[in-house]
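The structure follows.
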Amino acid sequence: MARKLIRPLFLFLILMFLYLPILLLAFYSFTSSTHIGAIRGFSMQNYVTLFTTPELTGMIAGTITLALGAALLATLLGTMGAIGAFYSRQRASSFITTLNQVPVINADVVTGFSICILLVVVLHISKDSYIPLVAGHVTLCAPFVFLSVMPRIKQMDSSIYEAALDLGATPFTALMEVVIPQIVPGIISGFALAITLSLDDYFIAMYTKPATFDTISTYVVNATKGAQTTIKTALWALSTVIFLIVVLVVLASNLRAMRLEAADTGRRAAAENR
Amino acid sequence: MAFSRKSLGIPYAVFLVVFVAAPLLFLFYYAFTDGQGQFTMQNLLHFFTDPNTLGTLYYSFSIAIVTTVVCLLLAYPVAYILATSRLRQRSVILMLFVMPMWINFSLRITALKEILNVLEGNLAMYPFLNAVIGMTYDFLPFMILPLYTTISRLDGALREAAMDLGANDVQTFLRVTLPLSVPGIISGVSMVFLPAMTNYVVLDMLYNSTYIMGSLIGSYFAAYNWHGGSMISLILLAMICLFTLLSGSVEEEGSARGALL
Amino acid sequence: MEKKDTIIELRGVSKVFEDNGFKAVDNFNLEVKRGEFVTFLGPSGCGKTTTLRMIAGFDKPTEGDILLNGESIVGLPPYRRPINTVFQRYALFPHMNVFDNIAFGLRQKKTAKDVIVRKVKHVLELVDLEGFEERGIGTLSGGQQQRIAIARALVNEPEILLLDEPLGALDLKMRKEMQLELKSMHDKLGITFIYVTHDQEEALTMSDKIVVMSEGRTQQIGTPEDIYNEPVNAFVADFIGESNIFNGMMTGHLKARFCGGEFSCVDDYEEGTHITAVVRPEDVEITKPGEGTITGVVDSVIFKGIHYEITVLSGRNEIVIQTVRNATVGDRVGLRVDPENIHIMLAEDHTNKFYADINPDFRLEYNGHRIETSLTKIIRGSKRREDGTVVDAAGEVLEPGRVRILVSIQPQDIEMTDDQDAGLVQGTISNLIYKGDHYSYIIHTELEQDFVVDDEDLWNMDDRVGLLMPVDKMTFTLKRK
């Protein structure tokens, strides 16, 4: 009996380790407490502060805008790169694939610092132009888009592109109407991955951002050094909001995957019965 | 023909050259020059002769090794239990372990800090412990995922065969499952070890003011010392290359981090 | 008038792949008449698919020209050619339903919506899949996907329909059915079909004209009857139907020597010419011993439903016979062939070929002599295990009785010697002819096999000689029984 319990218990303990801080913070975000341990009354003040303080809303909007923009650019570049690399000759293809691997294995500190060296120190591009920041985030994200699109292209039946040409489609039409729809799942997961990478980044933003601009990461790291209590507890609210969004997204995608799977099995069974 | 599929790769190839290859070349150039643009080995020599930087290297390694071992010891049982369970919802449970990755790490460390504050009173009393806890908290999912992927792909028949041949549970684990999950271990280790040497923000946020390798870059950056920062970056890069070559897992890490979604 | 009839013409077309320098197609010439059903037939890697891809426009010829209705189309991309293809694995667009798949080509041409609907409906009727418009591709069986692929190509009313092994993925029964259907579709539509297959039976059943290809070259172009009855060389004879193929030499007017005997024939070549003789299994007659041209022993008899397949060993020669009369294994029989049924063709090469056996020690042996070479070198990927047995690349142990090695050696590489026992095999000079700078000999061996040997020196008829064959001049091929 004890042996049977030990496995779930272990999993439970690790889950507690991962979630307890977030859940506790979520709990206290709905109170007027300024630190954990001292329970005061229920209060939505933290949420009001979060969504009404221009400094905070600006920082959140900036982070989201940056993530969406960088992810879009990265998805465009990475997808085109993967298609181009796949159909290029061996040497061109392995050149792209190898360079693509560099930001993936490199430490973000080094990637951020090196981009800062090139753009800011060597080329004297002002950080205030946002160019270094966007370039840095695209560099962070695009390789992962490339990696999630490539397997899809490899799996695709290569003759369907030729079939489209054969039926009178120009190469561009064939690409848009036949190839792209085949690799859309890879593009979507690449885009989602790019968003999360950009949202989670600290180091690249740190080395390339304008002094007046903050992402959630850079803002939070700075805020923990200061001692402004209202901001600190408003960040608890932010943490809770993000946690809820993640939970919702995960639930939604799980449900969708389950429904797709069910539909797929149903269709397959129908095909087999025929 | 005005349009060809090959030419689609050109913008990305140019992008990679400009934002990946070129920065690394300049990193190299700055690492071996001084403020006047003269060639110098001083930055390199300084790193390997200054007791402070050597101490930083030592401290980084200590934290990274301890963090990696702790992550492995916690993650392996989780991955093993999940991968070998017959639960139908095991992918849902796996999702629970992976989900924290998608919450901004600085917010999660903030949460952890509040808890540690309550537990320890004064965070500054246990800098090393806090650093390891913080890093483990941050990186654990990255260790669980590749381990789970590898173990769940192992053929269950292999374990049954081992038992059939007279091996008990422990022997089966040590001589079949563990050796076969080495690729997952390597992949997980590479995803924890390197960040643990460089992610100095975790230390900062938990009031550990000791430098690790990443902090050196941060401090050179703050002091506009591009040459010193470049050298540290280059040394880190060399270690990353070495590590990657040793583990031979370039592909694997890509797919492991890529598998997050 | 003649010109107008030709729809597509390939002139001296060659294709060398840039990346590996492989010459896939070599000087291919062909004229296809409007409405013809032409089949490219050959083993995999013979260049048939590459030729098809050049007609479709996916590959560009390295040399030569392709003319459609008298005009070069080499510069035209595939989407500007009035040619459509049915692909090997169908290549249906998985994200579109049946209607959208079939309508794809029409939409590229900006055809009006109502016309598209009508045409799709019509072509679905043609392939017997009425009402399938809304079905997803994943819900179709292989045979149905096949029909949709054909419909998708036909709806564009191409001048030429290319079919790249379209039936390869179907099971035997489906394949037979589709063969007939394709043929009747062709008759009904009057569109020119160019069909690629490696299945000779498929080619013989469906085609008006067959192009037999091997190693990038055209071997023979002709009607199925021509190809079957009058193969121009050993490759075609071997590839089309079953054949007995022998190397030999003309020994007189309308006389040819092969398979250990002298046969009368109807093809006239100069005496001394090296020839290849082809005899179809159904054309060999079994007689009483002594009454045939050659004699042999019945080695095996297999009942095949409508006939028996009988293998007779005459010395080392193996003759396959199809007959409705039974025979008993071990019987001595005579064999004769009607002169009309012997197809004599000029030998492309005079390579001597013989089978060597693998002895129980896994060494190569012929006529009781060891051939000093290692089996593991001959059979790619094979290994000799510690117990002496040899396993092939798949790890299976070779059974000496089930495999043998075909040894090939050129006439100029064999040396004759008076020291008979030194030779790998002994025989008598049964024919000699002066070839300008050397003599060409036929040595009839004790194993009833003829060897062709070139030698600068003059030897006498009926001399007994030993044949020396250096191992390094031999080439080996693994044959399974």
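To keep things simple, chains are lettered A, B and C as they appear, and every chain counts its residues starting from 1.
FYI, a contact is a pair of C-beta atoms (placed from the backbone, for glycine too) under 8 Å apart; a residue touches a chain by one contact, two chains touch by 3 or more.
Computed from a predicted structure; not experimentally measured.
K.L.:
Which chains contact both chain A and chain B?
P.N.:
In this structure, no chain contacts chain B and also chain A.
K.L.:
Among the chains here, which has the CA centroid at the largest distance from chain B's centroid?
P.N.:
Centre of mass proxy via C-alpha means gives C as farthest from chain B.
K.L.:
What whole-number Å value describes the gap between the mean CA coordinates of chain A and chain B?
P.N.:
Centres of chain A and chain B (C-alpha means) sit 17 Å apart.
K.L.:
Chain B to chain C: how many Å between their CA centres?
P.N.:
Averaging C-alpha atoms per chain gives centres 59 Å apart.
K.L.:
Using mean CA coordinates as chain centres, what's the chain A-chain C distance in Å?
P.N.:
Distance between chain centres: 57 Å.
K.L.:
Could you list which residues of chain A touch at least two other chains?
P.N.:
Expected reply: 89, 170-171.
K.L.:
Please list all residues of chain C that touch 2 or more other chains.
P.N.:
Touching at least two other chains: 77.
K.L.:
What positions in chain B touch 2 or more of the other chains?
P.N.:
1
K.L.:
In the complex, go through chain A and note every residue touching chain B.
P.N.:
Within the complex, chain A touches chain B at residues 7, 10-11, 14-15, 17-22, 24-25, 28, 35-37, 77-78, 80-81, 83-85, 87-89, 92-93, 95-96, 99-111, 113-118, 121-122, 135-136, 138-139, 142-144, 146-148, 161, 170-172, 175, 189, 192-193, 196, 199-200, 202-203, 206-207, 216-217, 220-221, 224-225, 235-236, 238-239, 242-243, 246-247, 249-250, 254.
K.L.:
Could you please specify the touching residues of chain B with respect to chain A in the complex?
P.N.:
Residues in contact with chain A: 1, 3-13, 15-17, 19-24, 26-27, 30, 74, 77-78, 81-82, 85, 92-93, 95-97, 99-108, 110-115, 117-118, 137, 140-141, 190, 194-195, 197-201, 204-205, 214, 217-218, 221, 226, 229-230, 233, 236-237, 240, 244, 250, 253-255, 257-258, 260-261.
K.L.:
Which positions of chain C touch chain A when the two form their complex?
P.N.:
19, 56-58, 77-80, 83-85, 87-89, 91-95, 104-105, 108-109, 136, 138-141, 152-153, 156
K.L.:
If you look only at chain A, which of its residues touch chain C in the complex?
P.N.:
89-90, 157, 159-160, 162-171, 173-174, 177-178, 181-182, 267-268, 270-271, 274
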